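There's a structure below that I have some questions on.
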Amino acid sequence: MALTAIALNATLKSSGGEPSSTDRMLDLIAAALQKEGVETETIRLADHNVKPGVTSDEGAGDAWPAIRKLILDADILILGTPIWVGQPSSVVKRALERMDAFLEEKDDQGRMVSYGKVAAVAVVGNEDGAHHVSAELYQAINDVGFTIAANAVAYWVGGAMGSTNFVDLDEVPEVVTTSVEMLARNTAHLAKLLKQNEYPGE
Amino acid sequence: MALTAIALNATLKSSGGEPSSTDRMLDLIAAALQKEGVETETIRLADHNVKPGVTSDEGAGDAWPAIRKLILDADILILGTPIWVGQPSSVVKRALERMDAFLEEKDDQGRMVSYGKVAAVAVVGNEDGAHHVSAELYQAINDVGFTIAANAVAYWVGGAMGSTNFVDLDEVPEVVTTSVEMLARNTAHLAKLLKQNEYPGE
Amino acid sequence: MALTAIALNATLKSSGGEPSSTDRMLDLIAAALQKEGVETETIRLADHNVKPGVTSDEGAGDAWPAIRKLILDADILILGTPIWVGQPSSVVKRALERMDAFLEEKDDQGRMVSYGKVAAVAVVGNEDGAHHVSAELYQAINDVGFTIAANAVAYWVGGAMGSTNFVDLDEVPEVVTTSVEMLARNTAHLAKLLKQNEYPGE
Amino acid sequence: MALTAIALNATLKSSGGEPSSTDRMLDLIAAALQKEGVETETIRLADHNVKPGVTSDEGAGDAWPAIRKLILDADILILGTPIWVGQPSSVVKRALERMDAFLEEKDDQGRMVSYGKVAAVAVVGNEDGAHHVSAELYQAINDVGFTIAANAVAYWVGGAMGSTNFVDLDEVPEVVTTSVEMLARNTAHLAKLLKQNEYPGE
């Protein structure tokens, strides 16, 4: 069974400037998902005009409806975000706010449009904040209907008050590789199961 | 296929005193799980001497090894906690610290002893804090190997600075009933799938 | 001694549409600060093009430099935000990211440009999330140099899964009025003290 | 003016075993406070029987009333905690639950027994979690009446998935020393101001 994933890169930077550490982590995850038979498409959110709001369409010029369609067409959602002041980026928060609309978008058995999809999280930062970022993202994404496989986060941060970027590391640390593979294996496994066996509904 | 659940009630109070709001919520969940064919056993953590620490056995008098066995024998783990100062109770935090040991307890394919088990969360409070509690619990429990079904939290809180207890409500609000049933349905469905189709391992 | 405050309204909505619950709370705080001799100016962030980034000036069209000047000219900063999915708005997160630049903006005694200023928080939501929002805002704003007076948050939320807006309440609950006055009294007191007695520096 | 501080070490370990990383950080802070004329007393919470609960006295054998007295006799409170699963320890959570009682312990002008006292935070861990720990501790301690000076946290963590303990570092990193001194300078300054100029009350 072929599965697909959509990865949202929530860096503050648009494409074309400095390389994104979040991209590096998402590339690792996409490669690991590939080994599990999952094709991943990555969207850099900062390249698109995602309007503020909590509906699925905020009107003329809103890039969200197209991104939302990619999310609903995929089996797996990867949220990738940098850490700023120990917290998820404003860009990923905006995407979560737009997915708040899923709470009202249910079938006649009470199942949101996101039901059966599996979410995972990628976090990078110069320093401290990854656990908290995954906590917030898990809660928000689970509230709007996604399922979370065992060990659903891959992250890298430097030591306290560090200033190195993940994108500048010569080599990817082995602990990161291990967790990326675990994330991909578990998330793909669960997405397959749920695609073949949907949640029962009311 | 018969499934079993273990529910940990992390109220600060031992049994035998005032009724526990957390117990009321856990009873609702157990009843809803029953309809899905899942038998639930509930443990009041405050009745047991769970020693502080991050290993699976903290020595003479430690109640954790027996509770840990119940967790590992069950297919589903329900963490039930009251909210204090907007946060999870110290009692549930202690249980999470003890499950930190799972990080080292892996089979030869890198799968923790908790793999394949599904966790859900029950939260009650006079007021505000439920989303944050579920965020922290999701992150901790996922880090130590549990899977999280869609909409895996059932909660009740009063309005800002309220002082009513869930246990004292004449009737359970319908929104609570709906979310309890959703939690039970989704969690049981996912636990069945994972019991029949275990995570692949390295 | 005359003091001034700047209030940032981080609702997702621009002015001119539906009334903002965050505005109602900020108006209450401004009125209470007035009684303490503090003049407050309020900025609706969604009306301005605050660009994503972590510097104090993100180039042509960036509205942040002017807002930043208002912050640095004032003695008190009030961060007002709605709750979405239990968390602070993406709009307030963007403002915090921009203040991340203060970490590098120090005098020759190691004191950030924000030192001596006092911050407080206003939170509104249909339901649950206020404690967590204040936690995140306190941490971020303290990291970038602001001081926090006792009981520095005023909030209102409805009960679990509620849908009422603060702006639609016929009357402001007394517990809210009490906490608004406490916030104003304590924050003004501390801002006066710190204006007359600046932090010593290295 | 002579000031005093009480530091609560919320490690999971009792005294007499392995050295505590939290102790090392608290010792650095006590030495820095000494230079500001502040005497610090440190209590290892795990050595005392702090009973679960949310009152100021949980009856026979409860160690909290004596610790509470030390807190109320001091001008400054330092909360020191290790990070476990990215979060504050269950031991510090228990102390915060006990301070929840301050919400009801007010003078006739509505000021809690903790008003005028300044709190700061010390965090150590093998890896990631310090920002989140300070967020949770700031919110809880501010809710129960404490004031928070600019840059009120000192922390050390290793890089992602690290396993080194702070107590085992040959040298304290300069960034840690700088933040410890900043914490001590700012906290002592603010505590002096508030001791001489108490919050006004209703």
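A, B, C and D are the chain letters, set down in written order, and residue numbers restart from 1 in every chain.
Simple rule for what comes next: a contact is a pair of C-beta atoms (placed from the backbone, for glycine too) under 8 Å apart; a residue touches a chain by one contact, two chains touch by 3 or more.
Since the model is a prediction, treat every value here as computed from it, not as a measurement.
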| item | value |
| --- | --- |
| Farthest chain (mean CA position) relative to chain A | D |
| Pair of chains joined by more contacts [C-beta pairs], B-D or C-D | C-D |
| Inter-centroid spacing, chain D versus chain C (mean Cα positions, whole Å) | 25 |
| Gap in Å, rounded to a whole number, between the CA centres of chain D and chain A | 35 |
| Whole-Å separation of chain centres (CA-atom averages), chain B against chain D | 29 |
| Shared interface positions of chain D, touching two or more other chains | 85-87, 131-132, 135-136, 139, 143 |
| Of chain B, residues touching chain D in the complex | 12-13, 46, 52-54, 84-91, 93-94, 96-97, 100, 136, 139-140, 143-144 |
| Contacting residues of chain B [partner chain A, same complex] | 110, 112, 114-116, 131-132, 134-136, 138-139, 142-143, 145-153, 178, 181-182, 185-186, 189-190, 193-194, 197, 199-202 |
| Contacting residues of chain C [partner chain B, same complex] | 85-87, 127-132, 135, 155-162, 173, 175-176, 179 |
